Amino acid sequence: MNQSSLSGMWRAMVSRDLTLAMRRRADVLTTLFFFIIVVSLFPLGVSPEMELLRSIAPGVIWVAALLASMLSLGRLFSDDFQDGTLEQMLLLPQPLSVLVLAKVFAHWLVSGLPLVLLSPLLGMQLGLDSDGIVLMMVTLLLGTPVLSLIGAVGAALTLGVRGGGVLVSLLVLPLYIPVLIFGTGAVDAATSGMDYEGHLSLLGAFLVLSVVLTPLGTAAALRISVE
Amino acid sequence: MVSENAIAWYHFSSPKNFYPLAGRLIPWFWGLAVILLVVGLYMSFFVAPTDYKQGESYRIIFVHVPAAWMSMFIYLVMAAYAIIGLTWKLRMAEMMASALAPTGAMFTFLALWTGAFWGKPTWGAYWVWDARLTSELILLFLYIGYMSLQSAIDDPRRAARASALLAIVGVINLPVIYWSVKWWNTLHQGASVSPTMAPKMASIMITTMLVMTFAFWMYTIAVVLMRARRVILERERQTSWVMEMVNADPQAEMKK
Amino acid sequence: MLQVRELECVRGDHRLFTGLNFQLRGGELLRLRGSNGSGKTSLLRTVCGLLEPTEGEVLWNGENIRRQRDEFNSALLYLGHHNGIKSELTAFENLRLGSALSGGGVSDEQIYDALEKIGLGGREDLPTQVLSQGQKRRVALSRLLLSEAPLWVLDEPFTALDVGAVDRLARLVEAHLKKGNMVMFTTHQEVDLRAGTLREVSLDS
Amino acid sequence: MSDFFAMGGHGFFIWMSFGVTALFMVIEVIAVKRSRQTVLKQLLRLARADLRKAQS
């Protein structure tokens, strides 16, 4: 199984999912609008007072990013499961975990990266100062892929299960907690002047670990679900 | 030459042989559980001295700590059965994993419940975002996730294997969750405030706690074996041996 | 050479078949018979490796398919009840994607030519969601023209096809068998296939 | 006896902890036992139905 067919397969899978996402642009935009709306609810719900908003800003933006990326997990495999293309993917001569990585990468490009690009807007809305916003983007850049990678395991496990959408959140949210803690921790440290390298290196470690381990879990879950 | 216990182990890994074996073992574990519980309770109330600072309310640790230990221990055993079940395709291991989950979830809830009723007299609040209590809460979410995935999937074989995989993912994440919650707790509250386990532990208190833990252990084995027998009946419904057993002597089977 | 040994499959909580043994060599055509719900689809999916058997094993060239997934997958082409095509993509895009994913090596002309031969001339660039059920089935069937996989596993390939398409598909299968390849399929229609040695396996024992 | 239950003023907390633990354990045992019996009853009905079908 030479190298070229693997990278050829990777590019084909990523471009396939991106074209599919572009053909159904509405689904992509709903995730982004959900992210914006959830963050804008907090000033209404808590208080418009800037000082308070600044202190809860990292947590609010991170939790909203968590929920938004989980919202879009449902579509990761379910359409392919319905029309039989997932079966064909399981029968490809390439390793399934690499295929899963390509699909999750495409899913992140569509539902994770936009959150990172939108976060400065929301950071300003909640009164974060400039280095707070920069660090928010960095933590989201490192964190959102981990959310997609871990979420993919949950999406694969609940494939074709009635009420699967809600069930995914129950399975996956507890596993997001370490990323949430160090993501918000880094921004808090930056805004209060403490050093944040420790948090970022941990987020980086989570990213590397989940890139290596979760596709194996997702591939195994897919084989179980397609049976 | 296959060693002696290997044959026995393989023999009892088939549901058909495990079912009667479990039936014979259950009364023994019940006996042990009751004895240990009685001894443990007696020690908790009459042997352990009154604490100079907390008075009587510290006795709650004789239930809280064993329940917390059991909740963690059962999840690890569940994950172990899940790994065995998935790698060697042993249906019996998968059934044991699903039989363990409800009892594990119960002990997790009890650990949180008794933790709250110990916290109120000791630190003045039912819920404290202490690292251990928070990790216990997350463990409860993992149990609930496991059980809801298992019940959401109709095909029993796929349900068993999917939830086994979830248990493995959970057990890999557990130390990371526990360690990051511990770090998060010390950062925001500082080490001093977080409630320590208990005042300096007199040795009699530790032995009481161990007796209670063993009592809970025996209880768990007995209940899980009973639930495993029900799971076996449900999943082996179409096999001949279940039919024969039910036809042979229905009334006796009902009582056992 | 495909071989099945002591195969048993349990779905939900009832056993579909047990102790199944058969072989399929080059140039042979195997028809799988059985009433509805007798486990035909489950057997086909087990042979492809999508479904794990409770007992027994499936061998390809003497080795269990679960130990040589990549080699076996490159030798297999499976056509299930689902067409396996994306409704948002056009027929051409579906086929080009399929070949790119499984290692490329198929030019655009070959794809257009295959779509022409299968009777979809002029409709290559329409999103498949606007095509009829029969036309969608043909898009899936045109993969047979483009693939060199020696083993074809086809689940009810003739359904939803008109007489002309059925005949075209039958000739395709015969050409495949003449090249020394193998086909395993199920169907409820009587189709005359005049090539290769026909073998039959029935699940209604 | 009553001061035993008073537990130096902390009675409420202690008996809420021990009591609920005991209650849950008892409920679990009963629930598991009953659930096994319902499964057995179903199997019994199934077996009898098969028996009658076989004899008829």
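Here the chain labels run A, B, C and D in written order, and each chain numbers its own residues starting at 1.
As a working rule, a residue touches a chain if its C-beta (ideal position, glycine included) is under 8 Å from a C-beta of that chain, and two chains touch if they have at least 3 such contacts.
Quick caveat, the model's predicted, so the values are computed rather than measured.
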Open item on the list: Need the most distant chain from chain A, centre defined as the mean of C-alpha atoms.
Closed with: D
Open item on the list: I'd like the Å distance between the centres of chain C and chain D, where a centre is the mean of that chain's Cα atoms.
Closed with: 53
Task: Chain centre separation (chain A, chain B; CA means) in Å - done: 33
Task: Rounded Å distance, chain A centre to chain D centre (Cα mean) - done: 43
- [ ] For chain A and chain C, let me know how many angstrom lie between their CA-based centres, rounded off.
- [x] 36
Open item on the list: Which positions in chain C are in touch with at least two other chains?
Closed with: 52
- [ ] Spell out, as numbers or ranges, the residues of chain B touching 2 or more other chains.
- [x] 155, 157, 237
- [ ] Could you check chain D for residues that touch two or more other chains and list them?
- [x] none
TODO: Spell out all pairs of chains that touch, sorted by label.
DONE: A-B, A-C, B-C, B-D
Task: Footprint of chain B on chain A - complex, ascending - done: 153, 157-158, 161-164, 167, 170-171, 173-175, 177-178, 181-182, 185, 213, 217, 220-221, 224-225, 227
Open item on the list: Taking the touch rule as given, give the residues of chain C at its contact with chain B in the complex, in rising order.
Closed with: 10-15, 52
Task: Residues of chain B defined as touching chain A within the complex - done: 86, 138, 141-142, 144-145, 148-149, 152-153, 155, 157-158, 161-162, 165-166, 168-170, 172-173, 176-177, 180-181, 183-184, 187
Task: Residue ranges of chain B in contact with chain C within the complex - done: 89, 154-157, 235, 237-238
- [ ] Sort out for me which residues of chain C touch chain A in the complex.
- [x] 45, 48-52, 70-71, 73-74, 76, 78, 80-89, 93, 97-98, 100-104
